[in-house]
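Reading through the structure tokens given below for one structure.
Order of writing sets the chain letters: A, B, C and D. Residues in each chain are counted from 1.
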Amino acid sequence: MSDSKPIDIPVLALGPRGDDMTGRAILRQLEELLAALVERDEPGSIDLRSLPFGPEDRQLLEEALGEGEVEAEVESMGPSRVRETGIPGIWWVTHYGSDQQPLAELLEVTYCPEILITPSDAAKEGLSALRARLFESDHMGR
Amino acid sequence: MSEIVDNNPLDLTGTRISVQKPEVRYDVQGEMPDEERVRIAMRSFVKDFGAHSAIYMESCIHCGMCAEACHYYVQTGDPKYTPIWKLELFKQAYKREAGPFAFVYRLFDLKSAVTAQQLQQWQELIYDSCTMCGRCTMICPMGIDIAALVSQARHAMFEAGLVPHELWAVAERAEREGSPLGATASTFADRCEWMADEHEVEVPVDKERADVLVTISSIEIMKYPNTIADFAKVLNHMGVDWTFRTDGYEATNFGLLSGNAAWQKDMSMKMIKAAIACGAKTLILPECGHAYGALRWQGANLYGKPLPFEVLHISEYLARGIKEGKIRLRQWPESVTFHDPCQVSRRGGATAAPREVMRALGVKLTEMGEPGLNWCCGGGGGVVTIHRADELRYKTFELKMKQVEATKAEHLVSSCSNCRQTFDDGQAHFQWDKTMESLLEIVAANLINT
Amino acid sequence: MRDKTVLELLQARGVSRRGFLKFCATTASLLALPPSAAAAIAETLGKTRRPSVIWLSFQECTGCTESLTRAHLPTIESLIFDAISLDYHHTLQAASGSAAEAAREEAMKAAWGQYVLVVDGSIPLGEQGYYSAIAGVSNLEMLKETAAGAAAIINMGTCAAYGGIPQANPNPTGAVPVSAIIKDKPIVNVPGCPPIPVVMTSVVAHYLTFGAVPELDHLGRPKSFYGDTIHDRCYRRPFYDQGKFATSFDDEGARNGWCLYQLGCKGPTTYNACATVKWNDGTSFPIQSGHGCIGCSEPNFWDKGSFYQPLSAGIWGDRQATLGTAAVAGAAVGAVAAASTRIRQQHASEEK
Amino acid sequence: MDLIDFARGPALQWSLALFIFGIAWRLIGVLLLHRKVDHSLPRHQDTTMGGVRLIFSRMWPKPEFRQSNAVHYALSYTFHIGLFIVIFLFRPHMLFIRDLTGLSWPTLPSGFVYVIGAMTLATLVAMLVRRMSHPVLKMISNFDDYFSWAVTALPVATGLLAVSHLGARYETLLALHILSVCLLLVWFPFGKLMHATLFVISRGTTGALFERKGAST
């Protein structure tokens, strides 16, 4: 046992699958979802983790959707990255755990992802917090 | 029984010699209940069933390939002529009586459904449409020797009294008179004398002592008597101490062909005793197919120990004589094809000998396919004697004619007198221009006598 | 605290509304639910009262609890599960002795008919069940008693689900799984030795969220985690199809990361999420680390022959003796058959 | 005990025992039947070699017969070679035999074997259709022929279903696959599948007998 050498075990021996069929299917579905949003005001989303999604598919989607104007980072129970694609109304949302492992990856078709909107409860709490601060500064200022 | 014989005078004038066409056929012999007939047939089939036959019975995979090797199937397209099917009824007997699972079959009474009627129907398959030529053995992927099994089935058929009329009649005559075709000892002696005169050749008969005993086929005695002279010419040319013997001249064995093992033994023992009596070292068999199988390969086993002399087919004896320089031949540079008699070549192993003889004659030989594998003449196994089989036999003969014609050879040569009479008969029927010639005859005609 | 909703309790623990939404989205994804389910989860949890979970440990090795607590960082589902809902777990709780048992009884009384019972370990039936007892109460008795008031039972680990190692041959304690005793409650099996931590917490969270057991396979396992075989989801699968196999643990094939079928991998007949969810926060799983799957999430995995025997090999009893006897017996019967045929032939010959 | 454990365990063990029992019974039962001493003077002495020669030479059709049986030869070769590849050159199968006998050998890519398996099954179906329609085969066929066909086709079919996950869960299909092999093993000694062992003895017998006579083989 003393002369046993550590061996290197490759962990990702899988080659590329070699097609982007899933990517193409997703683009079709996005078209339907976006039409639903525009025509009926119905938001929708696609869970990328539930699909056989390879590097070719990702490349195809990234090229087809492009970069948009908005990019946001939400820090809550680990980071979440939210960015609008070059197609307005389609958002690319990736949730990470507190250990930076991706937990979920979604394409949301909506005017604004819910995670970006300030919840009304939080806004109420914000209002009282702000008032408390104003009160404080008024007193301190005198 | 004898009324069959009495009513069956021989026909020795036709192109094929047999009993005359019977007006009423007796294809069933003896009086016994149907069940008894079936029982006897089945018991007989397995009575001396050895390991070899049992292995064959176990091995068939029902692939049906043997059909394509059989001239009866090829010419008629009738599946009943599939060689292994000819044994179908006997398989039941084997399974129930001799197979490794036999006691299970008997225990659960998985009874054979064989009836006497079926056996009678099978008579045609076992006799009329099988020459035991053994081509099926050549094609069988399991190597089953179907021809040998048919021979065994014939034993059963004989014991059950289910032999075709003519075959039974000639076999019975052979047992009684010593020749199936009326070539009794005295007739034979007369013919020898006649030929000696006719050809001015010495024909020794019944010498006390001789190195070589020559035997002959009834067909030759009655239909091709010149053969007697040809034998004499060649053996005298070789300077051999030889003889014919009236107590053991008949080489044909209708006991074998009809399926009567006891008669087969009687017929073989005559020759064996004659050879021993004159102290022969060599017994020469004539140009006859089944005679070769009967004595060369079965003789010693009927005798019960190795024969005290060697048994050779005439073609083998000629080949040896040529090799030893005892036979000097003129060149006979003709275009020839050679018909291999099934029992001598394919099944007897004397395939090379006639070719060595022909090489010495300097003939231009064109083979009919692989030597030893050619189509049967269609007359072997006693089939040629059976009148009701004629039509079927002519059909199979067409196949043979085609094969011969394909060689474009001018001469058709063989070394079997039974094949020869089948060819003569076929020739007459189809008005064919080919006459089969005897190898012995050609050799006898081309000897260089100094 | 019992009157508050799950959302309120989470918020009290510093989870923001956004964090909660994120949790709902990831849970939906993990459970292979459509993205629209995230909203339903959020809505339910916003209204659902705090659930109660009672965890009973029977004939077990505490490996399942160890696995559970190996979740690296707190996640919302683990918060929902252990911080918010767990009322009794004798390994994890602070209380001990009679105080602990009192906590169990109190929790049962407070939420009779509504709590979730989680079980790890099998139940010994031998010696009237007293191979294993807690506070003088046999596992069998405690299970029956606690299960009576449960809304559903979740079996954590192969022991509770299928009997596991305690039940393995020769099963000295007469161990049985929960399902052998409790027949009248919905039961979810979360097998594995141990199960994957996130699978454990997610299944509990799913039940708490939806108030119903998830879709199960014929062995009572949630299809979302146990729907595919390890083999079908294995990253080494292409090597199986190409016929490239490691033939020992230190050969070229092993170094190249080829298929471990020949070394006894039970991946083809094992249903679990190891190949996709992986272990230690997604770091690896046994096959990735170079060892074949031992099939621990399947019933009787301990008794299915050697872990190093290829799946296609038979599971033999006393093979040599059986086959040797068969050969000798066959030869004897054959010899008798041949002899009887010979005798019959002899008779037949004499008859004539 | 679930189906797969039953299949891999007792079913396999007992069917293998019956397989061996049956083979021994049938072979010994035939080989111990009486053999007559052949007193005739042999043309050739080395009959054993003649037997060995025919065992191999009969694997290849004679030119004389090739044309008339072309369809049969084509189907038989495809089927036998296909079956050989599927049984012996698929790694899991080799491992099964290795477990049993300790012998091992190289195998082919599994994906390739699947294709061969499908081809073998197709050939089997073609052979069945032929058996049921060809006048000779139709007439000479019996229960053994059809049942042997079925127990041969079943393992191929269930094996293909198992690898393609069609119809049921993999372990169920695998169990059915193994059970179908058990059926084959049990039937083997008692039906015509036995030809896989008998061909050696049968051809060897004729080869030796004919070599003795110098007859054509």
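Keep in mind that, in the parts below, a residue touches a chain if its C-beta (ideal position, glycine included) is under 8 Å from a C-beta of that chain, and two chains touch if they have at least 3 such contacts.
Just so it is clear, the model here is predicted, and its values are computed rather than measured.
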*Going by C-alpha centres, which chain is most central here?*
D
*Taking each chain's centre as the mean of its CA atoms, how far is subunit A from subunit B in angstrom?*
95
_Interchain centroid distance [CA atoms averaged], subunit C/subunit D, Å_ = 42
*Can you check how far apart subunit B and subunit C are, centre to centre, with Cα atoms defining each centre and the answer in Å?*
79
_Using Cα averages as centroids, what's the distance between subunit A and subunit C in whole Å?_
33
*asked:* Residues of subunit C that contact two or more other chains, please.
replied: 334, 337-338, 341, 345
*Where in subunit B do residues touch two or more other chains at once?*
49, 98-101
*asked:* Can you tell me, using the touch rule above, whether these chains form a line, ring, star, complete graph or other shape?
replied: other
*Can you name the residues of subunit A that touch subunit C in the complex?*
7-15, 44-47, 49-50, 74, 76-78, 80, 93, 95, 97-99, 101, 103-104, 106, 108, 114-115, 119, 121-122
*How about subunit C: which of its residues touch subunit B in the complex?*
334, 337-338, 340-341, 344-345, 348-349, 351-352
_Residue ranges of subunit D touching subunit C (in the complex, touch as defined)_ = 1-2, 4-5, 8-10, 12-14, 16-34, 91-93, 95-96, 98-100, 107-113, 165, 169-171, 174
*Residues of subunit C touching subunit A in their complex?*
15-19, 21-23, 25-26, 28-30, 32, 34-36, 72-76, 235-236, 238-239, 250, 254-257, 281-282, 284, 288-290
*asked:* Give the list of subunit D residues in touch with subunit B in this complex.
replied: 25-26, 28-41, 43, 54, 58, 62-65, 68-69, 72, 76, 134-142, 144-145, 190, 192, 194-195, 198-199, 201-207, 209-210, 213-217
